[in-house]
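Would you mind keeping the following structure in view while I ask a few things?
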Amino acid sequence: MGRAVAVIGTGQTKHGRRPDVSYPDMVREVIMVALEDAGITLKDVDGVVHGTMPSMMEGVSSTHLYFAEAIGAVGKPIMKVETCGSTGQSIAHCGFFWVASGMADIVLVVGSEKMNEGDSQATMTTVFDPYFQRVFAAGAPGTFTMQCMEWMYRFKIPEDKGREAAAMVSVSNHDNAMDNPYAHIRMKVTMDDVKNSRIVTYPVRLLDVCPSSDGACAVIFASEEKAKKICKKPAWIKGVGFRGEESFFGESDKSIWPSATEAAQEAYRQAGIKDPLKELDVAEIYNPFTYQEMIFCECFGFCPRGEAPDYVLKGTFKKGGELPCCPSGGTLCTNPIGATGLIRLAETVLQVTGKAGARQVEGAKIALSHAMGGVDQFNGVTIVSSNL
Amino acid sequence: MPKEYRTIRGDVALPYKWALGKTWTRFFDGLKEEKILGTKCTQCGKVFVPARTFCPVCLSDMAEWVEVKPEGEILTWTFVSAKYYGQVKDPPYIIATIKLVGTDCGFHHFIGGVDLSDAKQVRQKLKTGTKVKAVWRPEKKAEILDIAYFAPLK
Amino acid sequence: MAKEEYRIIEAEAVVPYELALGGTVSNFFDYLKEEKIMGKRCRKCSRVLVPPRSFCPRCFEEMDEWVEVGQEGVVETWVYINMPFYGQVIKVPYVSAQIRLDGSDSGLTHLIAGFDLTNVNKVREIVKLGGRVKAVWSKEKKGNILDIAYFEPVK
Amino acid sequence: MQRVAITHVAQSPGVESKENLHDFTYQVNREVLDKAGLKRADVGCIISSSADIFHSGLSCANAFDWDGIGAFMKEGSRAEESAMSFIYACFRVLSGHFDTVLVTAAIKGSENPDNDAITPFYGDPFYLRPVGMNESVVAAMQMRQYMDRYGITEEQCAKVVVKNRGNALFNPYTHIRKRVSLEDVMSSDRIYDPLKALECAPKSDGVVSVLIASEDKAKKLTDKPVWLSGYGCSLDHFIPGDRNLLDGQLQAAAGRAYEMAGISDPRKAIDVAEVCEPYAFQELLWCEQLGFCKEGEGGKLIDSGITQMDGSLPVNPSGGVLAMNPYTSRGLYRIAEAALQLKGQAGEHQVGKKVKTALAHSTHGFGGQCHSVVILSA
């Protein structure tokens, strides 16, 4: 089915607050890193894919125009792809299909965001339809908290147990971020720190929630022929899946989240994965909220429904556990939205090519990355492997 | 225009804090001192205004700053009488692309010092190649409008 | 002192819009003015959706059968919002919820109120997942979703 | 290599819609599926191009549009501009992963302020926006240079409006269906001198859906598949002052498309063209860069009558963007119209000659910063 496609290079900025650089300057920084990592120049690139959060986050419409030079796209075919929070995975998928189609051999994919330039909660509220839902919306925390409450109720997860497990997710992501030089938030937190932090939207507390980050990520996709020529250790794309539910939050059952479940199933089907907990070596989940990481673990088949807190508490998803989740520190510690889903992919590429430094999961060969977007609506999943 | 069917009205209003970055900060600081600063690409030798962090053609770092004479010639222009929501100023006004002396790109700004009451006369007066000079705003805010406009040289 | 090396500029972007309601939404809002909550049933999958749609997103068939649903329903989930942000319409603190009205097959996003909202712990004693709530109507109807002022817990 | 074809097309009527975007989108998508005899469940993948907040009051408009484009629990994505969406959909089919992809572009221009109020947001907030740049300003500056350099006259530019608005009279799916004379155009307000009001495109509502399929599937779905034979795209520098507005990236985009399609003489090879001309003179400039005439001869081209509906190379028989400008949908409209000409299903605005190869063009950004060219063949 189609041509085999590999990732031959990745780049990330140091994520965090970046008032020191203009937005285009920050974006250009990241493509230079990725090109160097792949050992190619812009001349070798056949096409460019770019994505961000919706324009209202940036305050500039159609940023591929503004960033034409910064994304290295002058004189080249360009694709601008956006699906809200899942943009990072969607642009990766576009790069994958572009190369798989045979219409390009090397495609540069760039995702970026300067969360500190816009107002993220106000922007996210404008994602809600203006007829029924927008007046009640409270950005991302409002939506995700509702989902988490629904999930705990549905599976009769005692509140204390949910709280304990979510705190554990926070602690282990923060621990992991200490090993990641690109991460935004790099600080040790304890279980008590999490449980005593300020309430954002009950029961979600400050340390259950991701920061607002500035940052960019670039990933270079290549055809099999080019990848083998250029790259000693490419990471191969083995499966991609993307699904979305209705635009009305109340219509689908978010406690079992069909779009997350089926996006992963689709990617597994292509990659031939039957038992993800056993077969995957590492997962980079889009986890802007601790509770949500647990819902994703269930949707992705890492554990039975309603049992994620038990698996978390016994350390299954910790570094050194059976299936380490977010050894990078995840979205919880770094969230430049338009780049976030692509960072997840880049991190899995580093893992399966053994280039993840201090956050390397020993012997990782096959990994899952993911992003979520819309009004709790879209999910995209990509599987990479060290083997073709 | 009022609609004859039912609608919902509203404003989407959002606040921004856009980072200038070092290069544009310095460029706007220059305007404050009535200096137009450009940067020169060491690879292709081209000078760009406003100053850039990197060359838009070569993508290489721009290390060399150059002060540009606040004079140039008009490459093209338009006389705006259209009205629209959120417009930067009340029409009529003229926007032009100006090639500043010693630069390798067009610079976009307003043309002033011209009688705007008669568009025909403006067309007689402004031509490709018409020489213009920056007129500074007395009160500087370190922004692009510190140059009030460019006026034709007498 | 060294000159600051970089700055930010602050500004606001405003875009006004005027969106068509279309037939189904207009009718729904008209019914609200009469203190009726109406949904539409899909002839194919039989689901009743509130707010009503003109087509079923799953079956991709037109929905033309109006059904009145109950003014009471079950709280599927809720969130206590005490987080102010730019452009927020409703004053904090407030409770936003998904309410499955009797006779409908989807959650309706709305407010739960009608009691002291200042303390989250007290609110948690009143608002329960799976608990029943009832629509409270605004006195003055404007033909929008806030013609239902909020839902209040059923004693 | 795999081949990909357009099998069916549906468009919304050109008049301002009273429906909300959700329902408006559904109606056209449903129509295209009905034409193809498919159910939503039969479609492999959905790619949309939805207007973002500056054009719709919605961020991530594809989140809201998701239901109307039939994408519930389907593989799907969104590209910002609709010609991009079409090409992305082609990638999906050519990759061998999908047999059918539904491409939809949806926008309700009537719900927002003028394009002139929206396009300043293309500009950066530090430089281009404060000095009043928008799409029309740059177009006007481009037009003055064009006339200056090549001696193109204002009348020649105005003739494009007369031609395209004349063609629009025969297209029931277009927005403005009212004949204009050369005098009308010439005497309309010089809102962006030298651009006149009637030389600027309106702002329109428009949903257009195109079903595309792999070779095997296309042959099963229709006896008149329209094949993608060429595609090219190219992006220019951001700041207009950094570019040559009279020699942008269209030649590069067209060159790529012609190379893929094996076309060496476009003037001979192309039977009909749908060119994106939000400003009248741009049709002339784009025609030069598409290789329909020599550099600087766009004026002669319109004078010669070749680009008229009954000419040897009709340009914009649909009435083009000057008659209907559903901003982010306009590229897919050009592609849909080119496909209808190839299928012989353009109705009253079907060109007289036999159409074997058609060109569709889309542009967005200041002064044509981004160009896409699609070649379709019967």
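Chains: A, B, C and D, in written order; residue numbering restarts at 1 for each.
The working rule: a contact is a pair of C-beta atoms (placed from the backbone, for glycine too) under 8 Å apart; a residue touches a chain by one contact, two chains touch by 3 or more.
Everything quoted here is computed from the prediction, not taken from an experiment.
The chains touching subunit A as well as subunit C are B, D.
Ranked by C-beta contact pairs, the top interface belongs to chains A-D.
Ranking all chains by how far their C-alpha centres lie from the centre of subunit C, first place goes to B.
Each chain gets a centre from the mean of its Cα atoms; for subunit A and subunit D, those two points are 34 Å apart.
Distance between subunit A and subunit B, defined via averaged C-alpha coordinates, is recorded as 39 Å. Residue positions 5, 7-8, 10, 12, 14-22, 24, 28, 56, 85-86, 143 of subunit B each touch two or more of the other chains.
For subunit A, residues touching at least two other chains, in rising order: 19-21, 56, 59, 69, 74, 117, 119, 122-123, 126, 130-131, 246.
Those residues of subunit C in touch with two or more other chains are numbered 5-6, 8-9, 11, 13, 15-21, 25, 57, 86-87.
Contacts between chains leave no pair untouched here, as each chain touches all the others. Here subunit D touches subunit B in the complex through residues 18, 53, 57, 111, 113-114, 116-117, 120, 125-134, 136-137, 140-142, 144-145, 148, 189-195, 237-242, 245, going by the rule given at the top.
Here subunit C touches subunit B in the complex through residues 3-21, 25-26, 29, 86-87, 143-144, going by the rule given at the top. Here subunit A touches subunit B in the complex through residues 18-25, 28, 32, 42, 56, 59, 69, 72, 74, 114, 116-119, 122-123, 126, 130-131, going by the rule given at the top. On the subunit B side of its complex with subunit A, the touching residues are 8, 10, 12, 14-24, 53-54, 56-57, 59. If you check the complex, the residues on subunit D that touch subunit A are 1-2, 20, 22, 52-54, 57-67, 71-81, 84, 87-88, 90-97, 118-119, 121-125, 231-238, 249, 252-253, 256, 364-366, 369-370.
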